[in-house]
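In the two complexes below, subunit A is the common chain; its partner is subunit B in one and subunit C in the other.
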Partner chain A sequence: MRVCPAYIRKVSRQDPLLAMLVGVCRGESQARQELRWMRQELVDPARVRWACKLRSRQVPLQHVLGSQPFGAIDVLCRPQVLIPRWETEEWVCDLTSRLAGMRLQIVDLCTGTGCVALHLQRSLSAARVTAVDCSASAIALAQCNAGRNELQLRLLQRDVLGWQPDEIGRVDLVVCNPPYIPPDKLVRDARASVRFYEPRLALVGDKEFYENLVRVWLSRTRAFVYEVGSEDQCAYVKKHAGKEWIVGTRKDARGEARVVYGYRDGDSEFARAFKGYDNL
Partner chain B sequence: MNVRWFCSTTLNLIKKNKLPPRPKFTNEMEIQCEEKFLHGGRGPGGQKINKCNSKVQLKHLETGIVVTCQETRSRENNRKIAREKMALEIARFHNGDARLDSRTEALQKWVVQGKKAKSKKSRLKHDKHDAERQERQEEALKRDAEILNSI
Partner chain C sequence: MSISYTIRMLTRRSLPSYGLIARRWSSTVPESGLKLKELHPSLLKRVEKYVEELHGLERMLSDGGSFNDTNQKLYAKVSYIKDIRDRYLEQLESLKELQEIIDEDPSLRDDAQSEYEKLVPELTETSNELLRKLIPPHEFADKACILELRPGVGGIEAMIFAQDLLNMYAGYAQNKKWKFHLISKSENQSGSGIVDAILSIDEPGSYNRLRHEAGVHRVQRIPATETKGRTHTSTAAVVVLPQMGEESEKASDAYERSFKPDEIRIDVMRASGKGGQHVNTTDSAVRITHFPSGIVVSMQDERSQHKNKAKAFAILRARLAEKERQEKEEKERSVRKDQVTTTDRSDKIRTYNFPQNRITDHRCGYNIHDIEGIMSGERLDHLIDAMEEYDADAKAKELLEEA
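And now, the complex of A and B:
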């Protein structure tokens, strides 16, 4: 949906800054919202004007303001690392309330900003979280975010796809937000702001990580929670997980398949935790 | 002469630091409410977009009151603010005809009271000045009369 120039001119008469945002926000209400947030957080009018200018060139709001709240924590965002999405926040918040009180060894693959790992560590004090990512800038940023939120994380820079994770020992739960946009869908579906300012490394992927889950992690863990982009990624995991796994999918608030999760048949602790996780 | 009656001191004046408390959102209300997160309609989602939206909607099932909040970027804060708003709305609902909770009512009274006090003060001041002016005029008249008489 494009915004018509006459409309932008009309808005510009009210507030020139708002007119800069209307195009990129695709509508006035969202533009007003963003402008309000910018004014709240940047205060200085010159900085607000500069921020609007950046925003009109499709720079993500999270980069302009420098951070994004994620559950109970506040994460810094940088151009080389994927911005945490509300879908992720939603399933992670629900998951942590279910895992409360369990003593778990958790591995967070493709951690990026470290948001998932940090949120888990903050809410589950008995758990021990290890965060893994292949990008050096992601690891540096996750370290930064851990310090900012006064949390301890074990960070490993490893390429998840070519890694035999024998060094980390026992694992109870694997969580992951892998790149899941198929290469042909990126240009068609992804917003310009995502294509221009977020790393391909964290966006483009098809089933590599789900294949890796089936091949490497299923034999080493008691449960897993993976974010997905489409139904067929769920179906892939369901098909290949084997008989001893109970696999379910969960939809997000907009009704799209967002998470595939699973636990071993007969694991009462996780069966209790995941009860009703699939219906929102 | 400004007369101050005994009864005027017994008026119930509202103090800004002693307002009735803000209505609280109780656990009981939490059970009666249905929470929803609104994230726009159609179009791509997930990693494909990076729009910042965290609108929270609370619906009180018994009374049908609906409250939404997207004041901040943080979902947790929005949830808190939505609950405060809802508590206020419920208090209003239960306050009968006034459709205001006691705190807002008191605040409005406080404003009116302040305005009244101000106008009273200025009125008293004007009265005093008027009296003085009149006195001066009378004196001038008297003097003129004396001068006229002496002639």
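And now, the complex of A and C:
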């Protein structure tokens, strides 16, 4: 969507900073909102102007401001690590309210900023969360975020795809937000800001992690929750999970398939927790 | 020693009768416009119930029990009621005696008459006070409140006025040293005035104080935008809601689960496209629709979706509670089938006239000539006091008619 120059001129007469944001925000209301947040958090007019300049060059707001709220916690964001998305926040918040009170061993794969793991650890005091990522900068940032939110997290730097996770023992739940944009779709579907400023490592992937789920994790866990980008990733997991697994899809608030989850048939604890999570 | 007591003493002695004069005056003296107004027996019965409660509490105390917080409050209340009742009965008694003197003892009639006239207003005052104490407290009297402000007719001037009102309430809270915060505010595009704002005042009991502010406020002034010096009339609407719970995430999660899934819908207002990892804009706006009541709350001020949702739920909860209360009140009124004048939400309640430096409350007819003091929130108490008194009187009247 392009914004026409006459419109930008019109906005510019009101507020030149706003005009810088209108293009990247695709509309005035969002631009106003972002400008307000920048003014709130940066205060100094010179810094706000600089921030607007960065933003007009598609730098994500989360990098400009340095952080992003995620559920009850606040996570730092850096260019080498994926910014937490609201869709993830949505399903994680719903999940934690369902798991309340359960004593679980949880593994968070592809943790990135550590947002999912930290939110789970914060909300489920009885749980023990292990976060795994292959990127050193992600591990460092997750460590940083754990300190920032005063939480203890077990962090492992492992390449999930080539790892036999015997070292972590019993697992009750595997959560993961793997890279799920197919390579050929990246240019077409992803926004410019995402392509320019976020790591491909955290974005581009097709079914590798779902294959890995079926091959490695299903035999070691009682339940799993994986974020997905499209229906066929869900369908893949459903098809390969095997008879003893009950697998379902959860849609996000926009109505897109966003999560594939599953638990072993007959596991009453998880069956209760996932009741009404979404259609099977 | 009071005069009435003196008179009582004097009447004991027999004095020579001036019956003749008395009879001649009797047609002019007793009805001087002052009539004895006694409380209805059923109301007095209600008072006696409080007194019994007091005795019960005292017994409990003398038995070695101790008061908890609610008992302590109750004790303070009923002992105050008892004090007023005692005063009321005493005054009533002496009035009756005076009446007797007036009727029977011509020699003291003049003194008794003047004393009588002095006592009657006192009695009225006491009985009114007693009545006011009998009015059941407001359902949300101890709650904190949320104020919603919206401009009405009058374009940008109305938006500026809504902003002025917002400043007024913020100033009022500040003056009282009450905690308050702005839940949301959307400004007019040109930067002056507001399209809507929600102010939360976190002091318990602030609802009771501010509930009379709900309604349409009218302003008459020469707007800053006016070039020819004409006075304009614009309005802004204020809604006062009770805070029913915390605005925290935990409270909102619990509250969300109290609804059936088909009762509410939570919408997100997002850009088109694939979503997920494909997009990284901060989309945190939340809209909650409550189907049974048709209430829609949207919130987009925070960067955190979670916080927006918590705020939206807090407001939904407040609106539902207020709505429920209004419906209940409506029902009670229709049961009584009386024609008590009620202030509809569409009625204007107050006029701020800048050229005359005057503020008028249309419900109680109270005038105050200090725009600046009111608009800064410093002297808003005067208006609220007047309105509270008016409301208490109206409620007392209802109570009397009921009895």
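Throughout what follows, the second predicted complex is superposed on the first by the 278 of 280 C-alpha atoms of A that agree within 3 Å, B and C clash if a C-alpha of one lies under 4 Å from a C-alpha of the other, contacts with A are read in each partner's own complex, and residues count from 1 in each chain.
Going forward, contacts are C-beta pairs under 8 Å (C-beta built on N, C-alpha and C of every residue); 3 or more make two chains touch, one makes a residue touch a chain.
Just so it is clear, the model here is predicted, and its values are computed rather than measured.
Three-chain overlay on subunit A, with subunit B and subunit C in a clash.
Legend: residue contacts after superposition of the two complexes on their common chain; A:E89 is shown touching both subunit B and subunit C. Looking at the shared chain after the overlay, A:A253 reaches both subunit B and subunit C.
In the superposed model, A:D189 lies in contact with both subunit B and subunit C.
After overlaying the two complexes on the shared chain, residue contacts for A:L120 are found with neither subunit B nor subunit C.
Touch criterion met: A:S97 reaches subunit C, while subunit B stays clear of it.
In the superposition on chain A, A:Q14 contacts subunit C only, with no contact to subunit B. Of the two partner chains, neither subunit B nor subunit C is touched by A:V22. In the superposed pair of complexes, A:V174 makes contact with neither subunit B nor subunit C. The superposed model shows subunit C running into subunit B at a single listed stretch; among 42-50, 114-122, 222-230 or 240-248 it is 240-248. Under the contact criterion defined above, the residues of subunit A that touch both subunit B in one complex and subunit C in the other are 30, 33-34, 37, 60-62, 68-69, 71-72, 82-83, 85-87, 89-90, 93, 179-181, 189-191, 193-194, 198, 202-203, 227, 229, 252-254, 256, 258. Across the complex, subunit B meets subunit A through its residues 36-40, 44-54, 70, 72-77. Of all the residues in subunit C, the ones that touch subunit A in their complex are 189-191, 249, 253, 257, 261, 266-268, 270-271, 273-284, 300, 302-307.
Listed in rising order, the residues of subunit A touching subunit C in the complex are 14-15, 25-26, 30, 33-34, 37, 60-62, 68-72, 82-83, 85-87, 89-90, 93, 97, 179-181, 189-191, 193-194, 198, 202-203, 227, 229, 252-254, 256, 258, 276. Residues 30, 33-34, 37, 40, 60-62, 65, 68-69, 71-72, 74, 82-83, 85-87, 89-90, 93, 179-181, 185, 189-191, 193-194, 198, 202-203, 227, 229, 252-254, 256, 258 of subunit A are the ones touching subunit B in the complex.
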